[in-house]
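Both complexes shown next keep chain A, but they swap its partner, so chain B is in the first and chain C is in the second.
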Partner chain A sequence: MRTEYIINRLIQVLPVMLGIITLAFVMLRLAPGDPITIYMGVRASEEDLQYLRHLYGFDKPIYLQYIDYLKRIAVGDFGTSISYQKPVFDIILKRLPVTLSLVLYSLGFSVIVAIPAGIYSALHKNRISDHIVRFISLIGVSIPRFFTAILLIYMLGYYLEILPISGYVPLREDFVKGSMHLILPAVSLGGALMGYTMRVMRSSMLEVLGENYIKAARAFGLQEKVVVWRYALRNALLPVITIIGLQFSTLLGGSIIIEEIFGIEGIGRLTYRALLARDYPLIQGVVIYYSFLFLLSVIIVDVLYAIIDPRIKYE
Partner chain B sequence: MSEKMSVTMFKKPWVKDISIEFRSNIPALFGLFLIFLLFFSAIFVTIDSTFFDRKIISTLIADPLEMTPDTYQPPSKDHWFGTDEFGRDILARVIYGSQTAVIVGISSVGFSFVFGVLIGAIAGFYGGKVDHVLMRMVEVLYSIPALAFALFIVAIFGANIQNVVIAVGIINMPKFARVIRSEVLSIKEREFVMAARALGLKNSRIIMDHVIPNAITSALVVATLSIGTAILDVAALSFLGFGVQPPTISWGLMLSSGREALFIDPYLAFFPGLAIFLTAMSFNLVGDAVRDAFDPKLKTRWNR
Partner chain C sequence: MTDPLLSVENLRTYFYTPYGVVKAVNGVNFELESGKALGIIGESGSGKTVTGLSIMRLIFPPGKILKGSRIMFQGEDLLLKPENEMRSVRGNRISMVFQDPMTSLNPVFTIGEQLTRVIQTHQDLTKKEAIEKAITLLKEVGISDPEKRIKNYPHQFSGGMRQRVLIAMAISCHPNLIIADEPTTALDVTTQAKIIELLKDLQRKIGTSLIFITHDLALISEIVSEVIVMYCGMILERGEVDELLSEPLHPYTEGLLHSLPDVNIKGDLQPIEGTIPSPINPPSGCKFHPRCKHATVECREDVPEFKKIRSDRYVSCILY
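Up next is the complex of A and B:
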């Protein structure tokens, strides 16, 4: 039942994916300038340019290029990067663990900080601790990621010399060292998510605590701890999961800037390079990667919803 | 005549709700004060640069474009915020940067507002296939990370102010479309819309004159909240070198050059960063208050 549901959802999101692939293709073709000329520079001979255009299929009519492109994607061939001279799929796959570990660390950081803080703040409404939590969440939401990154680099990395300020160590090679390298990037990346999660957790907890079944549980003489953790939390978590799911794509987008600042060779930095170099196959590959991860996150949110709230039926 | 009536009918509680909300909400008042300061500064810069050729700011503080040999000065009596890599006064530049922030922030939100409201209203009003197609398109926009998509547009079509406005406008548009659509879904069932239909008005006329004016308050709430995000997005683009280009003064660009000299002179990055942060924060504070005043139901509906 559950796998069937997931497969159904996957089929539902396929049109969106196709839309994104088409959008990326159309926009790149609308763009002024020619990627081969940009890549080869002004000194390249006309024959070389012609040859390369032919090699990458840029000399064909646009609709043929589009059909070719779709055909190749359908069999998992994303083309060859112009600037790296390697298959796009391999480049992305090689960098995927880097970006994923960054994104998961910052997701972990924001959730671990924000959920308890949000609950605490809801339970201490209008006390000083509540105001402090709300102030922190306001800062998290308002501060630009790159500013957090710069402040952290200066204070913790340069002034106090506690944490490394650039580079990446694969977690599989050295977990402790790798984690140390990920702390500053993950905190800078996850600040906004932390802020949003805190305020949504707080407000949804407050809302749930006003519900009748909570009053009933209290009237029944259950301990406040049990009421909050066993009865209220489950329902209060649903909007929080929604916001985390929505913010997931912001994390991916933010990874572009954070990876650039911290010198992490992940997909964010790859995106930036691909755009600078006008590497069409690579740009298209990266766009597909983003939308794929986003849609995956949508499905994960749906499944989490169903796990937390058994009333939700799979259709 | 009918327009006038509907405006006066909802204008009163509108103003009252907001003033009540702001009277009891000190952080929001603080945010409002900062926003006034920002607009004042942007207007000052516009007058100063177009009519006085930067004379006023040069006498008051320093010329934001004049290069001096005093590079990388820490804050001092002469330069309250210090100087940058070309010896230019950072305070003067932060003040001048407010103009770019306000222009780009407001116009990109204006872009999202106009197109988002139109798309949402059309999708909600017509329903069926039109709705399906439009909302799938919005979903496509939504499913690429905002910053990646904005970078994509600016990198491909060229880094200049217009493209930055359009790019940031497009990535914030889905929020407007979604909110307006859900409003319109309920509005179109109301009596006055049916009456307008019965009178034989054209659909376009009904949408423009009756549906959109009644759904516009929630779009205004989204707009206030979006200006903060838009300014952050614009700054992020500038920071990556894909935003407005020098010699235009922008906080994102200043921060980006400050990052390169971080260990020589941290103030270079600190003040423009602070300006971006405070601007975004004040729009968030005011946006929250406006939303609470208009529609308490929206409280948990935080998008992006």
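Up next is the complex of A and C:
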């Protein structure tokens, strides 16, 4: 029944994907500017431009371009990047592990710090330690990523010289060195998510601790650690998972600027360049990639929800 | 006479709120003998639930049980016990049945998981033995097909069924005392009767004592032999149940009885005039005097003595 539910959710995703693919196509065609002119420069001859337009299919009517585009995507061909002169799919695939490791490190950092801190804060409500935790989470939420990044680079990278401030080492080649390179970008990227998660965890835990079933559990003599870590936590995690799922997209978006700051050759940086170059096929590919990851995170949240809360029906 | 099972002496539980001190329970005394059932009646806010929770020592800040209070249970003062010993009393020697069965079970664990957890907390049983015991208990409280139901989650049970599960949890360790805090308030009338019947049967069968907290005067004579009437954290009257209901002494008890709807008699209800006083600024003297038609100057000044009228009959009113 659970696998059926997951398959169902995946099928529901298909029309959404089609919508996104279409939107990516339409939006770029609406934007002013011609990729061929940008690529060739202003001094290119009219014949050359015509030839290239014909080569990339830009001279066809827009609905034909759209049909061609759908046909190609159906077989996994996302076109050829104009600026890189390579298949879009290959370019994205090559950089996927880079961005994925950054995003996952960042997610891991926020969750591992925020959940215990939120619980701790809830259990010490209105004490000094609670105020400190809440202050930290407020900082996390309110300081923009690029500023956190600059602060961290200055303090830990430049001043104390403990962590590298730029570059990327694949984790598969050297796990320790790769991780060191990821710490600063991951923390800058995940600060906001950490702050949100902490606050939601705290308030959700406090709410659950006031529930009748918690009072009842205490009245039945259950040990406090069972009451908090089993009876309360499992219920309190539900809203936290929702927030993490929704905030996942901000990690993806934030990776654009973070990769630029830390000189990481991931998809974020690729997106930035593709936008500047009006590299239509590449932008389309990147948009589809982002949407796919986001939809995937939504599905993961749904499945986690169903695992934690038995009241959610699988039908 | 043997020592009573439970003896509450000068119990005072105050809540220190930002708006002032709420004296939820203010000098309550009563005893309960082994195997007997005692009812506590009163309106909302009269301190009856807090009395129950104080016996369980489940009062959390800003609430506090004041020094000088004593809760003697099986010869020990529960208020002097360290928290970990108190935990082995809860659910084991004293257990509680709550008001709202819909929210008193954890929604994300099965009935079986919750029941066996309580059993295994207090008894040295293996998982398998605990499950067997849980099945027996569910059968005992009248849940059909317990082998299957044990794998169900609370939302798959009706309110009445959930209360049965909670009662099964409460009796799982054969407690000496069960505190039932308005166990039927959230249920419909036919279910109420069944739950009362079940509690009565179980009480007789396992020989436990019972404190039955309610505001429902119609129910109380079904299950208890003695009744305490509470108002503003104090006891106004105490007596044998039928006697107290047929011949109330305190004007408040009388008022409560008059405000009870009776299907046989047509006519308007006679509610008690006025409302429950503010818990932060309770009236001086007899707490009931602002609403009492017999009130005199004397009532405003002094709290009347809790007098013995005849054997097992006490009242706190200047009329007697």
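Couple of notes before you dig in:
Keep this in mind: the second predicted complex is superposed on the first by the 315 of 315 C-alpha atoms of A that agree within 3 Å, B and C clash if a C-alpha of one lies under 4 Å from a C-alpha of the other, contacts with A are read in each partner's own complex, and residues count from 1 in each chain.
In this section, a contact is a pair of C-beta atoms (placed from the backbone, for glycine too) under 8 Å apart; a residue touches a chain by one contact, two chains touch by 3 or more.
Owing to the predicted nature of the structure, the values given are computational and were not obtained by experimental measurement.
The superposition on chain A brings chain B alongside chain C with room for both.
In the overlay built on the shared chain, the residue A:G254 is in contact with chain B alone; chain C does not reach it. In the superposed pair of complexes, A:L102 makes contact with neither chain B nor chain C. In the superposition on chain A, contact of A:G221 is made with chain C only, not with chain B.
If you count the residues of chain A touched by chain B and by chain C, you find the higher number for B.
Contacts of A:S291 after superposition: chain B is touched, whereas chain C is not reached.
Draw one line from the C-alpha centre of chain A to that of chain B and another to that of chain C; the angle between them is 80°, to the nearest 10. In the superposition on chain A, A:L189 contacts neither chain B nor chain C. By the touch criterion stated above, A:D309 is placed in contact with chain C alone, chain B being left untouched. Taking the two complexes aligned on chain A, the least Cα distance separating chain B from chain C is 12 Å.
Across the superposed pair, chain B and chain C touch chain A at no common residue. Listing the residues of chain C that touch chain A in their complex gives 56, 58, 87-92, 95-96, 98, 100, 103-110, 117-118, 121-122, 153, 155, 166, 169-170. Put simply, chain A touches chain B in their complex at residues 15-16, 19-20, 23-24, 27-28, 30-32, 138-139, 141-147, 150-151, 153-154, 158, 196, 199-200, 203-204, 207, 239, 243, 246-247, 249-254, 256-257, 260-261, 271-272, 275-276, 278, 283, 286-287, 290-291, 294-295, 298. Listed in rising order, the residues of chain B touching chain A in the complex are 27, 136-137, 139-140, 142-149, 151-153, 155-158, 228, 232, 235-236, 239-240, 242, 255, 258-259, 262-263, 266, 269-270, 273-274, 276-277, 280-281, 284-285, 299-300, 302-304.
Chain A makes touch with chain C in their complex at residues 211-213, 215-223, 226, 231, 234-235, 308-311.
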